[in-house]
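Attaching a single structure in structure tokens format; questions to follow.
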Amino acid sequence: MTSSVNTDHQPPLCNAKPILNELRHGLDRLLAGGNATVIDLQRIPFGVDDERYLRDALGDGEVHATINTLGKSTVQETGVAGVWWVTHYDEAGSVLGDFLEITTIPEVLKSQHQDIMRGLRKLSASLEIEQPTKTAQE
Amino acid sequence: MTGVELLIWVRGPGLQLSLAAFILGMTYRILQTYFLGRAKNLAEPRGSPWIHGMKTMWWRSFFHPGMTIRGYFTIISGYTFHLGFIITLLFFDQHIELFKSWTGLSWPALPPLVITVTAVLGIAALVAVLVDRFADPVRYLLSDYQDYLCWVLTVLPLVTGLLLVYKIWLPYTSLLVVHIISFEILLVAIPFTKLSHVFTIFIARWYNGAIAGYKGVQS
Amino acid sequence: MAKPKTLAEHLEHHEVSRRGFLKFCALTTSMMALPPSMIPTVARALETARRPSVIWLSFQECTGCTESLTRSHSPTIENLIFNYLSLDYHHTLQAASGEAAEQAREAAMAENHGQYLVAVDGSIPVKDGGVYSTIAGISNLEMLKQTVEGAAAVVAIGSCAAFGGLPHAHPNPTGAVPVQDLVHDKPVVNVSGCPPIPVVISGVLAHYLTFGRIPDLDGYGRPLSFFGTSIHDRCYRRPYYNKGLFAETFDDEGAKNGWCLFKLGCKGPTTYNACATAKWNQGTSFPIQSGHGCIGCSEPHFWDAGGFYQPLSAGIAGVGTLAGVAVVAGAAAGTAAGLMHHAKRKQAQRQHEKVTVADLKESGS
Amino acid sequence: MTVSVERGIQTLKEHIDAPVASFFTTCVHCGMCADACLFYTETKDPKYTPIYKLKPLRRLWHQEYTFWGKLAAKLGLSKPVTAAELKAWEELVYDSCTMCGRCSMTCPVGNDIVYMIRKMREGMVAAGFAPSGLKAATERAITIGSPMGVKFPALKNQIKHIEADTGLQIPVDVEGAEYMALLSSMEIMNFPEYIGAIAKIFHNADISWTIASDAFEATNSGIQIGSSDLAAELVERVVAAAERLRVAFVISPECGHAYTALRWEGPNLIGRPYPFEVIHILELLDRLRAQNRLPVTGKIKEKLTFHDPCQIVRRGGVVDEPRRLLDMVAADFAEMEDHGIMNWCCGGGGGVSANERAAKLKLTAFNRKRHQLEALGVNTLVTACANCRITLEEGLEFNNMDVAVLGLAETLAEHLEEQSTSATTETP
């Protein structure tokens, strides 16, 4: 457990530094052509200052996106390119999930095959064109 | 019994019973010794047996020249394991909480790292004296089963305590149970083994000092 | 309209997008305390998951567990789960009452025989034939036996159902026992806590829903994914414990600095639960973060494990009286033995045969 | 009546008291007493560890005076003390213990081991397991009056010689004298100079003193062999003479165990306090010194040291007196490394010198003193015990060491400055 910054008045950090290390390894893997990594922040114990420390360390990046399905979700690239901070909210605005994703683009941002199909159907219906067959689905 | 039930037992009835056995046994042992009695000394005293007895009680705790000619092993290892054990017992926060729950008294604790050092030194010195008990012809000749039993009973609380603090080998609850039980067994064993010297040492030293002090010699 | 057969159909029926499904899977995986690498597996499983029937039995309980569940902080996701589960009987939540309610239970049992889940909150009194708690004239004991008979698995929700809880505490006047003492031929999952963390309840149900089986359990029958680590090991105040920095009272400098609460009775080291990560009240905090030690509510016999404010290293029971008795008994026995030995010594002295010069002429043999 | 192991055990049961019980309860088997014992340090044989010499007594205490011990004995888990065991222990209890008490000073838990050896010997005598040399000496002491068989005519003869040499009268059987001097047979036979020395000093200090013709012997073989009954008989003789002569003080001579017997054990042996005071000759001389009644002239120039007789110093409490007295006559007094109450025994105390069987072991144990003397590099050794003196002389001769052994009283007498007006000073 990291506690080098601790004094009597500064609460000790709990898991912020181990997470930063994990991100470093995740980026290495990503560059080497490996898989994306997802860290579930809600399963990791945080002290009072861990989240602030993490946010300060990662900084703010270039992409900010908002998704509206089953409540809001924010997807935001951090100052460290390739590290994305994904937060899911419910309809009341409470945080449901908090993830760090190490990837070129989070899966949830991409348009999904079924949704594209549904969109196509909707578009076709409005144009009164024959609908595509369902066999295209995986 | 599950681990939790064992923990409740050792923290509750176990602690009560072992402490009661310890107090009962020790009171029994001391009074039994005292009431065996001794003859009144009719010779004219040269010194005060009381004062010399009290002085010996205290001064015999310290090394004085002439105590050994064979080297310092016994002295150093003896002091180390006694001090290691006593400091670990009396100056670890969590132990102080136990004494506080019994007596209402508390005192400042030493940092956990210091306690770790005292416990490790205590264990190391105990291992050294055990090896020496086998290696040294004098101690080997004097030793009986009780010496080895008492060694085990003394080292166990130190070892289990370290494992507990550093969460080695078993889950915390299990180690806490084992640690408290090791302490309780030690507590029960003290009055009925040579470990009773924790108290009777003061009686023995007093008699020693009083016998010599009667003649005007500070022993 | 026919009810959808799989969860994927169910979500589609609710016009949830595939992207929403992905979000749902990520959150469900998180809720089940599984690693994010399991998300694709969860997604595949949820696509084909069948809709289970749940019968919820409430026995000697305080409704705190149901309160906890209904106040769970992620209504959307959990609603989806509970909407998808068929909660066929829950006498606090269901609309039906009286005979209609019991008929609903019996119907669900008959319809889903061998398939349904039984959730139980509250302990079961067994003393005097179980007369201390009855529903619709049926004792809890009897109702549990009847209901569990055709169940696939039982989820004991809350410390009362899991370990007996408050009714089981000394002196246990009703002879309350936990579910696991009565159900031996079905898998039982203990979701302990007083109350249990809502996300843990839904997580366990989600696990059954997703994989069709109960999760891996610890020695007390609790899901390892939530109960595998002690509060102490996940506690952000642990560095203070390691350094020996403790709050001595609830308003001293140590308490203000957020130091370890061990001396104020925190049971974190011996308590296994997910409070430090799942947290309470919409993820706001958990007791230690709010400045109060863990009371160990998810452990068996926590009501009988000493005061909430007694440090773990201190004894549970008082020793004053017993110590006094021990001193008196030891003093009496020691004095008696000492005087007896003294008399023995005096007797030997009276029988003393004076040593004379003649004795010196002899030799011992 | 006959000696037997049963009688021995019965006797030991009489003597196990609260201190013994506390000592055995407290012993942790650390073995540190071995380092304090010259029989161990000079042989390295672990059986000479002081506390080991008490093993049968310890077991008896456990079986008779502890709960678990009694239980174990009843269940047959603890074997009774046998004659064979006591026989085997005879060598340890007598030959290899001078009762010097050094172990009692170093035991970290405070066990007075020599206190227990003294008690153990009571049982050994009653069981018939005492060395024949000690038995014979004790028998002579009781029947003849002296362990060496010295009778009054022999003393009278020595007195005549001394009176002729010094020109002083040696008072015998003077009723109402203030001091009654006792002598050890060794002094009478080996070191009669002592008698002349105290006669000169007392005359000079104008002290009224006497020797009792029927109780001149100070030594007490009963103490050495460890029989209170026999020791009491010997003490009674001294007490009777002192009472008959109505003396205020009885002077214990330069003999170690005589002081222990008369000063510390005596009243307890006879069961009543004395109507007189027992004073050691060194105490008396030191009092005279303090009153300027012991004027000396000239100093010994050679470096010298003092051998502490255990029973007078460590076990007797006369520690500083000999040093103050020596300072008066020694120009170059040096202490051995362990001295005073931590001194090393000569090896012949506690009846060892009367036990012919132990002669070889005694000479081995003497090596301790040899090393001490060699380390200090002295050629003159002063002591205040006739038994020490003989043991030291034997040891020195055996090791071909050129060291002169002197008695302290004689050394002082040799430097005495004759005083013509001594009658004017007060008696102490």
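First chain written, first letter: the chains are A, B, C and D, and each begins at residue 1.
Simple rule for what comes next: contacts are C-beta pairs under 8 Å (C-beta built on N, C-alpha and C of every residue); 3 or more make two chains touch, one makes a residue touch a chain.
None of the values given here were measured: they were computed from a predicted structure.
Student: Tell me, which chains sit next to both chain B and chain D?
Tutor: C
Student: Could you name the chain whose CA centroid falls nearest to the centroid of all protein CA atoms?
Tutor: B
Student: Counting C-beta pairs in contact, does C-D beat A-C or the other way around?
Tutor: By the number of C-beta pairs in contact, the winner is A-C.
Student: When the centre of a chain is set as the mean of its C-alpha atoms, what distance in Å lies between chain C and chain D?
Tutor: Result: the chain centres lie 77 Å from each other.
Student: Measuring from the mean C-alpha position of chain A to the mean C-alpha position of chain B, what distance in angstrom results?
Tutor: Once rounded, the distance between the two centres reads 59 Å.
Student: Per the centroid of Cα atoms for each chain, what is the distance between chain A and chain D, given in Å?
Tutor: Here chain A and chain D have centroids separated by 95 Å.
Student: So how far apart, in whole Å, are chain A and chain C when each is placed at the average of its C-alpha atoms?
Tutor: Between these chains, centre-to-centre, one finds 33 Å.
Student: At least two other chains touched by the same residue of chain D: list those residues.
Tutor: Within chain D, residues 16-17, 65, 67 contact more than one other chain.
Student: Enumerate the residues of chain B that touch no fewer than two other chains.
Tutor: Within chain B, residues 28-29, 32-37 contact more than one other chain.
Student: What positions in chain A touch 2 or more of the other chains?
Tutor: Touching at least two other chains: none.
Student: If every chain is a node and every touching pair an edge, decide which shape results: line, ring, star, complete or other.
Tutor: other
Student: Please list, in label order, each pair of chains that touches.
Tutor: Result of the pairwise touch check is A-C, B-C, B-D, C-D.
Student: Mind pulling up the chain D residues that touch chain C in the complex?
Tutor: 1-5, 7-8, 10-11, 13-14, 16-17, 64-65, 67, 83, 86-87, 125-130, 135-136, 138-139, 142-143, 225, 227-230
Student: Considering the complex alone, what residue numbers of chain B touch chain C?
Tutor: Chain B reaches chain C through residues 2-5, 7-8, 11-13, 15-16, 19-37, 93-95, 97-98, 100-102, 109-112, 167, 171-173, 176.
Student: Taking the touch rule as given, give the residues of chain A at its contact with chain C in the complex, in rising order.
Tutor: So the residues of chain A touching chain C come out as 1, 3, 6, 8-9, 11-12, 14, 38-40, 42-48, 50, 67, 69-71, 73, 88, 90-92, 94-97, 99, 107-108, 111-115, 118.
Student: State the interface residues of chain C toward chain D in the complex, per the touch definition above.
Tutor: 337, 341, 344-345, 348-349, 351-365
Student: Can you name the residues of chain C that touch chain A in the complex?
Tutor: Within the complex, chain C touches chain A at residues 16-20, 22-24, 26-27, 29-30, 33, 35-37, 39, 73-77, 80, 234-240, 242-243, 245, 257-258, 276-278, 282-283, 289.
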